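Look for subunit A in each of the two complexes below; its partner is subunit B in the first and subunit C in the second.
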Partner chain A sequence: MAAATSTAFGGGETGGGGLAAGEMEVEAYRRLFPLAFYERHLRDSVRPDARPLHRARDTSIALGPVASADGSALVKIGDTTMLAAIKLEVMTPATDAPDEGSLAIEFYMPPICSPTVRPGRPAEVAPVISKQLSDTIISSQMINLKELSLVSGKASWMSYLDIYCLNADGALFDAALLSAIAAFSHLQIPLVSLNDDGKVITVSEELLEGKPSVELVNKEKRKLPLQRIPFSLTCLLHEKYILADPTAEEESVMETFVTVVLDSLGQLVSIYKPGGAVLARRSTVKECIRLTKQRIDELKNILDESASAMEVA
Partner chain B sequence: MAPMEVDRADGRTSNQLRPLSCTRNVLHRAHGSARWSQGDTIVLAAVFGPKAGTKKEENPEKASIEVIWKPKTGLIGKVEKEYEMILKRTLQSVCLLTIHPNTTTSVIVQVVGDDGALLPCAINASCAALADAGIPLKYLAVAICCGLTGSRSVILDPTKIEEKKILAFAYLVFPNSPISVLPKGSLTEDSEPIEAGIITSVTHGAMPVVDYFNCLDRGYAACAKISEFLRRSMESQAPSDLTKTT
Partner chain C sequence: MEYVDSLTGFRLDGRRPNDMRQIRGEIGVVAKADGSALFEMGNTKVIAAVYGPREVQNKGQQINNQALVRCEYSMANFSTGDRTRRPKGDRRSTEISLVIRQTMEACILVHLMPRSQIDIFVQVLQADGGTRSACINAATLALADAGIPMRDLVTSCSAGYLSSTPLLDLNYVEDSAGGPDVTVGILAKTDKVTLLQMDSKLPIDIFENVMQLAIEGCKAIAQYIREVLLENTKLLESRKGL
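On to the complex of A and B.
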């Protein structure tokens, strides 16, 4: 590898000459020897997109892009884009939990997100991330299912959370979890009333104005109270380096990753390290947890800013 | 913090594992097979390979591993896909992938009984099957489930009923402890032996960070015992070896 390094960068001097030839050599080098390319950057504690090793990409959250959904959010971490939308439906609760609503979480990776996903060939990671998301949201107990109850034993809310990946550029789980949380923070539970058959139906604003005598089951639109919000950070492990928030290219070169999820109380919701050539030592795990704590402060600020931006608008 | 003794339904102490049993070469058509049981959790693993060629998305410069997980009942869903992915990545880190490039090794896991700690049992079974098939490995992976009870004490190898009641649990996979001619303590990094590194960690339920590190310590100590058991069962040519380890 050392010999290859010198020819690739030395090629600019001997063959062709001038900056143009040197730059093309770098791009070819990046494709042909991706690991050596990255290692040269890591030795200087930087990454090809000029980020220091422990910094995450620019994150933005937009609340309410889907007007027809009860709650929605569009999240971008670097180029990774996720769209989350929640629809609430009235249904009868299960007999063993008459006071609780339910939650169905689904994660989709349509072909738009990545050149490797095609209609006949679904992404292998999609069901895994979907399950990971439901496990994390349920483990963190962010949502108290009792808040989703309407009439004990007869009616409760079933919330369908759908997350679509619009652009897959690494750290998919982080972006998906953030979009789910943003969508829940934007969620407004619609008004319902009993209709003539004794069934609970949703009532829209226009209907209310026409019939002042409609009796509402819940008095006003309210937001779902969220406690213990989970935030996550994925880190790549390579030899002794820890890279926070990887892009898709970095993930394909260095395969070992750890996803740490902490909640707003500082409790560990999940440490997810599925195999990988690099073994994680205690110090590595501690460092990843520390980086996640830093990231949580950033994410909390971004979430609060987007929420206040919504109120102003 | 002295560990508090917890009352467990089957009378085990918090540090006690269920009876382990490992039988190899149970399926004669497969290149390698193993049946691993921990109490009532029983998993049968079969290995076919290496076979020529890799799948389209895999790197042809390395050997690739394909995992198929068959549940005891029901159709294959997201749970099985997740187990397949975790098992595949764990086994990839255990195998020497550069020895037979451009080949595929298939590992088929069949769940025979599920009474808690299913994924660790499957990982143990798959490693025993890979060793039985003669696939070149760096080390064996030894897996364990550590649960954290409400009183913040760690219990090892919970049953399904215990898993439902406890606060949180973690599936941990460590490399097996080596027998080495080098003096003890020479192969260390940061004053920690190399085999204390974590290959895989999957957790469920929220727990304080300190308790996670307690689980790591207890899990690592228990894995040393499971490694001994595995080594004994591989060394003896007898097919089965029943032990109750403490």
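On to the complex of A and C.
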């Protein structure tokens, strides 16, 4: 956030809402004439937090913050914080897909995340992002559902992915998708065995040592293999400027955005531009795709680093 | 089941009967909130965010001579051992929301902020017993971070009685043992009790011991909270260049 220095901000610009003479504090100008405030920065190709237009905020991933979940991750992009956790339960697979498990993905914005979310008035964007996430993860085919099968026709894994937004400061979809991927990369499938009733139950490590005769359905705890991991970048469009990874303040001032999702092989998974005042030309969309490609390299590195940090610990 | 080992005197997790779990508190975890805090008691992790004083949303509820305090408690789906889909307004959440609200209302100087609203939101990320207490402690830190005037710090701790021994700060396993569970919330300096809840059965003299133990726990937590707030103030001072 900008430092609280009260330098005078000279008026006399038609874009500033007709501020004729006189000066005003920066913070007041920022609140009263937000668009003019931003345009003055954009002309110098910079943003109020000193980022160049195409740079994303500092991103960090921490794996395994929720010890009780089978896989979890805490992701921060700037101040936006997402906590994702996966719990696996055994279920009977559908009759038309006896060799496949299933995924249930949900996104929540509890009232702690933003002053605009209140009990009785949930965030409008929460179900939208929930659906977007669900569609993106399933259609990218990152997870092969056959890997979630246990006993064909009898038992398979239902994985519940819950993502909670703990701090909403823009680019919610990007952070949520990254946290989902990180949680899946951390996921360890627990050991199961058949008990006397023919039901599949989870087996904890301690139980195993005491009873060598327990028949295991899957031989060892394993990680879920992920192919074609999707990564995303949201860009704001304003006149001829493209701002990558917006903060909540930027999103409230300039409303048109494009979210591009590419997978780790560089193929396009989805483009999402839900209307908005700015009409994008083809060159703009191509530029957004190029920025996303750049971002993917950064994100891949961060994800690999966090995975190796886990192994060292 | 032996909750206190008869030979060594240790509990299931290796603590002594008078030991509290490791506590950790951090302020300012939610940047957009007016005040926020993360509080951990052992494996129980809770985030509290405070918004306010701000304009009352529902004008019908506005009180002309004091602030309106609202509280919402919710648990994440993955917070407990089994993932359960929790409906927002289920009975347990509503009851705990009410308890936290009334506890905090007792210590906030509401008469200083008429016609305004203070929202306290608590989210449980991991539950291992003592969530009520962790929520109250987190709410106190968050209110202090928001600069809302309070009479005193409210801290809370639980205690129980298993295997004929009073135990401080029960975890989930001990809590589910079916023995009595006493949760106490006190105003630390003035030594007044604002919250007292107990279930199951206890003879009165033993109850007094258990309650005293819980109050000791509350005082220890209050000491820790004071240290956290002092650290935070020193940090703010150095940032301002004082």
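Note that the second predicted complex is superposed on the first by the 291 of 313 C-alpha atoms of A that agree within 3 Å, B and C clash if a C-alpha of one lies under 4 Å from a C-alpha of the other, contacts with A are read in each partner's own complex, and residues count from 1 in each chain.
Here is the rule we go by: contacts are C-beta pairs under 8 Å (C-beta built on N, C-alpha and C of every residue); 3 or more make two chains touch, one makes a residue touch a chain.
Worth saying up front: this structure is predicted, and the values here are computed from it rather than measured.
Clash-free side-by-side placement of subunit B and subunit C is the outcome of superposition onto subunit A. By the document's definition of touching, of the two partners only subunit B reaches A:Gly275; subunit C does not. Shared-chain residue A:Gln141: touches subunit B; no touch with subunit C.
When the shared chain is aligned, subunit C comes close enough to touch A:Asp169, but subunit B does not. By the touch criterion stated above, A:Thr92 is placed in contact with neither subunit B nor subunit C.
In the superposed model, A:Asp263 lies in contact with subunit B only, and not with subunit C.
Look at A:Ser72: by the touch rule set out above, it reaches subunit C but stays clear of subunit B. The gap separating subunit B from subunit C in the superposed three-chain model is 10 Å, by closest C-alpha atoms. No residue of subunit A touches both subunit B in one complex and subunit C in the other. Of all residues in subunit C, only 29-34, 36, 43, 47-49, 51, 54, 57, 70, 72, 74, 76-83, 88, 119, 121-123, 125-126 touch subunit A in the complex they form.
Within the complex formed with subunit B, the residues of subunit A that make contact are 116, 124-125, 127-128, 130-132, 135, 139-141, 228, 255-256, 258, 263, 266-277, 279-283, 285, 289.
Across the complex, subunit A meets subunit C through its residues 66-69, 72, 79, 81, 83, 85-87, 89, 106, 108, 110-115, 118-119, 121, 160, 162, 164, 166-169, 248. Residue ranges of subunit B in contact with subunit A, taken from their complex: 57, 77-79, 81-82, 85-86, 88-93, 168, 170, 173, 175, 189-190, 192, 194, 196-209, 212-213, 216.
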